[in-house]
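Take a look at the structures below.
Next come two complexes built around chain A: one with chain B, the other with chain C.
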Partner chain A sequence: MIIRSLAARTCRALPRGSSLQPLRRFLSTDIDSIESSADNSFKQLGSLEAQLNAQVPQQVPSASSETQASSPAAQTSESVAEQYHLYKQQQQQLGHLGTEISQHYQPHTLLNNPPSAADVTLELLLASEAHQGHATSLWNPANARYIHGIRQGVHIISLEVTAAHLRRAAKVVQEVSKQGGMVLFVGTRDGQDRAVVRAAELARGYHLFERWIPGSITNGQQILGKCRMKVVNEKDEEIVGFEEQLDERSVLRPDLVVCLNPPENYVLLHECALNNIPTIGVIDTNADPTWVTYPIPANDDSIRCIQVIAGVLGRAGELGQKQRFDAAAKGVITYRPAKDLTMPEQDTSKDKAPKAKVDLSRTFMKDGGLEDADELEGKLDEANNREGSGRRIKVVA
Partner chain B sequence: MAHREFSRGVRRAVDSLGNLPRSQCERTIRIARRSFHGSASRCVSTTTVRSAEFTSDTQEKFTAAPPIDFGKASGGKGGGKRLLQTLRVVPASPSYFSAKPTFTDDYISLTALLRRVATLPIIPTSEAPKVAWKTIDQYRIMTNEPVKTQRFHKMLHVLRRLNCIHPTLMPPEVMQAMQRYKKDVQPGDIKPAPGVIDEWGRAKGVGRRKTSSAVAWLVEGEGEALINGKSLAQFFGRLHDRESAVWALKATHRLDKYNVFGLVTGGGVTGQAEALTLAVAKALLVHEPALKPALRRGESVTANLLPFHPPSRLVSFPSEPHVRRPCFICSCRLTRGGGRIVVTSPA
Partner chain C sequence: MGRYDFRPLRVRQTAKALFDAKRVPHLPQWYAVVGDIPPGETLARPVQRAPRPRGTKKASRIFQPLPIQYPEDKLRSDFFGDHPWELARPRLIVENSGNDSRGQDWSKIVQPGKQLDGESVVQRQMWLMRHQAMSKPAAYDLARREFYQHRHLEDIRRRVAKEEALHVGAYFGKGPLAIGMELEDRSWEKWKIWAAKQVEQEQNMRAQMFTGPQDNDGDELTEPELDAAVEEVQGSVPDSKAGQLAMGGAAVHP
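Let's turn to the complex of A and B:
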């Protein structure tokens, strides 16, 4: 019995130890022998060289390793470039071989190819942790209607509500973009900058990923006074010649603000509320939903969730801009033009693009009527809206 | 016993083998049933819980703007007839609301560029080409924006990383992008014309110190010196001045190998002696350029024109005690009170 168990134990260990060790030994002796033979051949080569050099007046190029590495820096730099190109080539040829990994999370895809409002599914929101709220003790009771339940002491946001609110917000961004409004995307937390910039790029909007300077709306002339503005036509091409008028013009304000972290942007949202600027905000369970006009109940601590939301809103803005350009191509202006702009002098208009010049000559014939229209419009505005230029979306007379 | 163990193990292995395909099957079916986006399922949050950073009692209550009524707000029809009816005023940059649009655009474009070229091979920072980047003040003047120092350093960090790309693989667009942040004059751009030894074997050197200026000619010889037609001992009364006039030769042990002819004008005796130091050192460098490190160690080729510290500094700290400390401008051996730190002969 004892002998049998001993045999069973040792037999298992036997093939491992006994078979590999001699192999390794053979390998090492092999290498040694190869090295020694190489040394020998080098020595022979060296002696041959010496003999040859003694007989021939001209030096024979040596084959030894020391002389080959005469300019090591130049050679390595050459080889780095070569190796890199070789690596790239091989990656192109062989990169697609091997196992195919299907459907896995790649962090950059949410930035490179963000989902549109139609792609928003509960699975996407769940995967991006949009449902995770805060600890129940931190909650704001105003969010009760967005909360699905409690799990492990943490509020769980109802994803149906999130999806519905996100689609509504996307509609708002789309419509504002279609009507030529300025959409400002704000995300001032670490890691939100790329999502914010990408959304603004898609929606042709504006971005802010550092601190909101308090007073940028209520005291804008002091803070944004030096920032350059431009005059664009319906195709968003810059029209030159209005620089003098722009210098005297008051600073611009956003028409819609998308805030991805409302708790840290109290000042911004307060200024927007004071100036009647509608806001969209990602409302976690600890945030106050009354701070924003259109809340999106979701987890604002997850970068992935923020990327999904910013991407959806950016895509919506992209769609709205496309609708605006389509309408402009048909000659329909979907936005209210800027007030108080007068045509620059003829000599300055020579710098303009030829297309703009044609429009200009057409305009000058009707200049008299235009001023009246502007005045009337201004009076109507004052009556309707105490902010004047606060609301850009309005019927044009 | 071993046999029994073995058989049990075999049975377990067979069981697990039998189970494995079925479970994998089920998993694949479940994956297929899931929609396109539900591929990754994690239930544990990786982000830390952030505590609320606001307290409602201290903040003023406000009500957000009412929802937009898109029905009443629609664009004008057929407004494209006239140019003025089609114009909008918009910010020139998408970073308008950051109040630093140029800087923010620069930063975004640089980080985007770095993301594009991040996989290129790099060299260590010490081997990267030396670049003088614009200082924050120069950048502020260029952009006319109140850029914060910390943000500017973040941008410099990106620039230094771009500069570390392997020179053989440096993309031209990176070179072009970096050009904007470089100073107009880069180190190594200005190279002084090399000195020449004329037909009589003379090398000329010019030196200045305080208000003195000296011209020295150096020829190979036995160690004689003629300053304004006088010998060294006749011209300089102080031993110290005699030594400092030919300090460059002494520091490099060439005192008996060259003859010096010097012409000195202006200033006092000490200034003239120290102007000669620089003149002789420069002339010596024409004869033997390899002596430069030795002369640097001997501190005789550092031009030091300033008599004392700038007066403004003295005025702004009138009650500062008289402290012996090296000059903060060029770390030369002059100290605040005009005293000298004894220079030991170089190794």
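Let's turn to the complex of A and C:
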């Protein structure tokens, strides 16, 4: 079988003249004697030599003379077509031979094509090890209703509960995105960065994968005060000319925070609680579910599980944004426009001005560089270090 | 400190209270969303065990999760108790779809897409006990023998593959034993050099200990002195019935 599949795989690369001969030899049921096979191989060698000898003098003048450039091109195209037809013919004859690779887990697919909330099945959660909790001695009894049982000294999380809470959280992310809210995805553990960035990319939200600077919400004016803020219309196109008005505005806050590792981000969740910001968190059996508004009981130590959860929430955000843009295309604005902003008087944008005044919607923490998977904190540090420079950057997420 | 913080769960109520008290000019954008999709109840403990009748000891484990048990557990512990080194073999534990065990048919011990290991024996034994009404030890013996047979075939397959590969020109480098032997040889040579050095040092130290002013009289005698001493001793050795002949002993064994 190995030889057959080898023949099927390499048949494309075999030379044209003697391509079928070795295949026939491989596939033939009657066995040639050693002498005849040796003869065959000698003949092949001879034919190869002859081919080489025939081709070399043909190619040399074609390469040297530029005037005959058309004929070799035609030759090559013809030979390519022939080879292609031969390949298709062989594929038809031999394609069904060999093994078939069944569906199997490919880690990148969770990032490239994350599942949506409708794709969440208990099997998917089981395969991504969402059910594995911590050792029984480490449990937080507040999680008793999420726990299915004990297996070999480890708490097993009930996957029905996980699926239900995950769908609920996805619905929340979708609705908040639909209303133009700012969603911040936070996962500061090793290996969570790509999932977090991907989710933020899908949901057109913001991501944080290094460290939450304590006070970014409670003391935001000091920490984020130099970041850039911009005004966008309902299609998320930037409207310039508001720089002076934005200077005095307070720093923006997220409308929803998704935290993939709550035990390491107590400060963030506490700040959210102080500032009345709803939060979604992945609660393992050792975490405290009262830290977050919407717990998702699941294993936060499994990267695959985190990728599934972040992907589902990101897809939900994507759906919400799509609904928002669809509504905007029909002229419906799904959110409350920002107040205390007056349309700047500009000669260049005179024609746009009335329209923009109507559309002028909300301020949005957005920066071009951040959508290219830059992280927040680097920008923040950069902005903090750039105190002396003249450029004012208001808020960035 | 020991208190629960319910502020995250009460974001909506807090937002409403702030708005009613005119602390904030308008309700947040998510107000309706959180109202439509309220957070679940928290800190609720389902009762896992029936409480004991009144009057008996305190029911302390009512709310604790229960252990999950399967009939295979005993078979598994039996097999791995008898074959502890099966646990040392590398094992693939990544699930593909979560439904990987759906397509397995344990009327045969070999499954496509699953490596042959102790779990195969356990599942095969379960199948035999269920579908062929075999007793536990009989099913165990049958499953175990099939397992041994397939392990043996695997060994043969591996050996033949290696022979074929060697025949067509593969080379596998040194084996673990050869590498171990090399390391051991190297350390042995190192130790020999070290030991020779130690012996030399020891000898030097011993030589140094005896250097300094010492008289050679005790050690070496000049010839006339030796002769005199021998003569002196020879005379003193009793040549009698009780004694023995000196046979030049004083000179030979000083």
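Here, the second predicted complex is superposed on the first by the 246 of 397 C-alpha atoms of A that agree within 3 Å, B and C clash if a C-alpha of one lies under 4 Å from a C-alpha of the other, contacts with A are read in each partner's own complex, and residues count from 1 in each chain.
As a working rule, a residue touches a chain if its C-beta (ideal position, glycine included) is under 8 Å from a C-beta of that chain, and two chains touch if they have at least 3 such contacts.
Bear in mind the structure is a predicted one, so any value in this text is a computation, not a measurement.
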{"item": "Combined model on chain A: chain C and chain B, fit or clash", "value": "clash"}
{"item": "First (chain B), second (chain C), both or neither touched by A:G98", "value": "neither"}
{"item": "Partner chain in contact with A:E210 - chain B first, chain C second, else both or neither", "value": "first"}
{"item": "First (chain B), second (chain C), both or neither touched by A:T121", "value": "both"}
{"item": "Which of chain B and chain C A:N286 touches, first, second, both or neither", "value": "first"}
{"item": "Chain B versus chain C as contact partner of A:H165, first or second or both or neither", "value": "second"}
{"item": "Chain touching more of chain A, residue-wise (chain B, chain C)", "value": "B"}
{"item": "Which of chain B and chain C A:I333 touches, first, second, both or neither", "value": "first"}
{"item": "Contacts of A:G149 with chain B and chain C, given as first, second, both or neither", "value": "second"}
{"item": "First, second, both or neither for A:Y294, with chain B first and chain C second", "value": "both"}
{"item": "9-17, 63-71 or 117-125: stretch of chain B that collides with chain C", "value": "63-71"}
{"item": "Chain C-contacting residues of chain A that also contact chain B", "value": "103-105, 121, 123-124, 126-127, 129, 172, 175-176, 179-180, 269-270, 272-274, 276-279, 290-294, 335-336"}
{"item": "Partner chain C, residues of chain A touching it in the complex", "value": "102-105, 121-127, 129, 136, 141-142, 144-145, 147-151, 155-156, 165, 168, 171-172, 175-176, 179-181, 255-256, 269-270, 272-274, 276-279, 289-295, 335-336, 339"}
{"item": "Chain C - residues contacting chain A, complex", "value": "4-9, 11, 14-15, 18, 25-26, 28-30, 33-34, 36-37, 39-40, 42-46, 63-68, 94-100, 113"}
{"item": "Chain A to chain B touching residues, read off their complex", "value": "1, 4-5, 8, 77-78, 80-81, 84, 103-105, 115, 119, 121, 123-124, 126-127, 129, 132, 134-135, 138, 172, 175-176, 179-180, 182, 184, 197, 200-201, 204-210, 212-213, 216, 223-224, 226-234, 236, 239, 242, 246, 249, 252, 254, 263-264, 266, 269-270, 272-279, 286-288, 290-294, 299, 301-303, 327-328, 331-338, 341-343, 356, 359-360, 362-363, 366, 370, 391, 393-397"}
{"item": "Residues of chain B that touch chain A when the two form their complex", "value": "1-2, 6, 31, 34-42, 45, 47-54, 56, 59-60, 62-68, 70, 72-99, 101, 104, 108, 120-121, 144-145, 151, 166-169"}
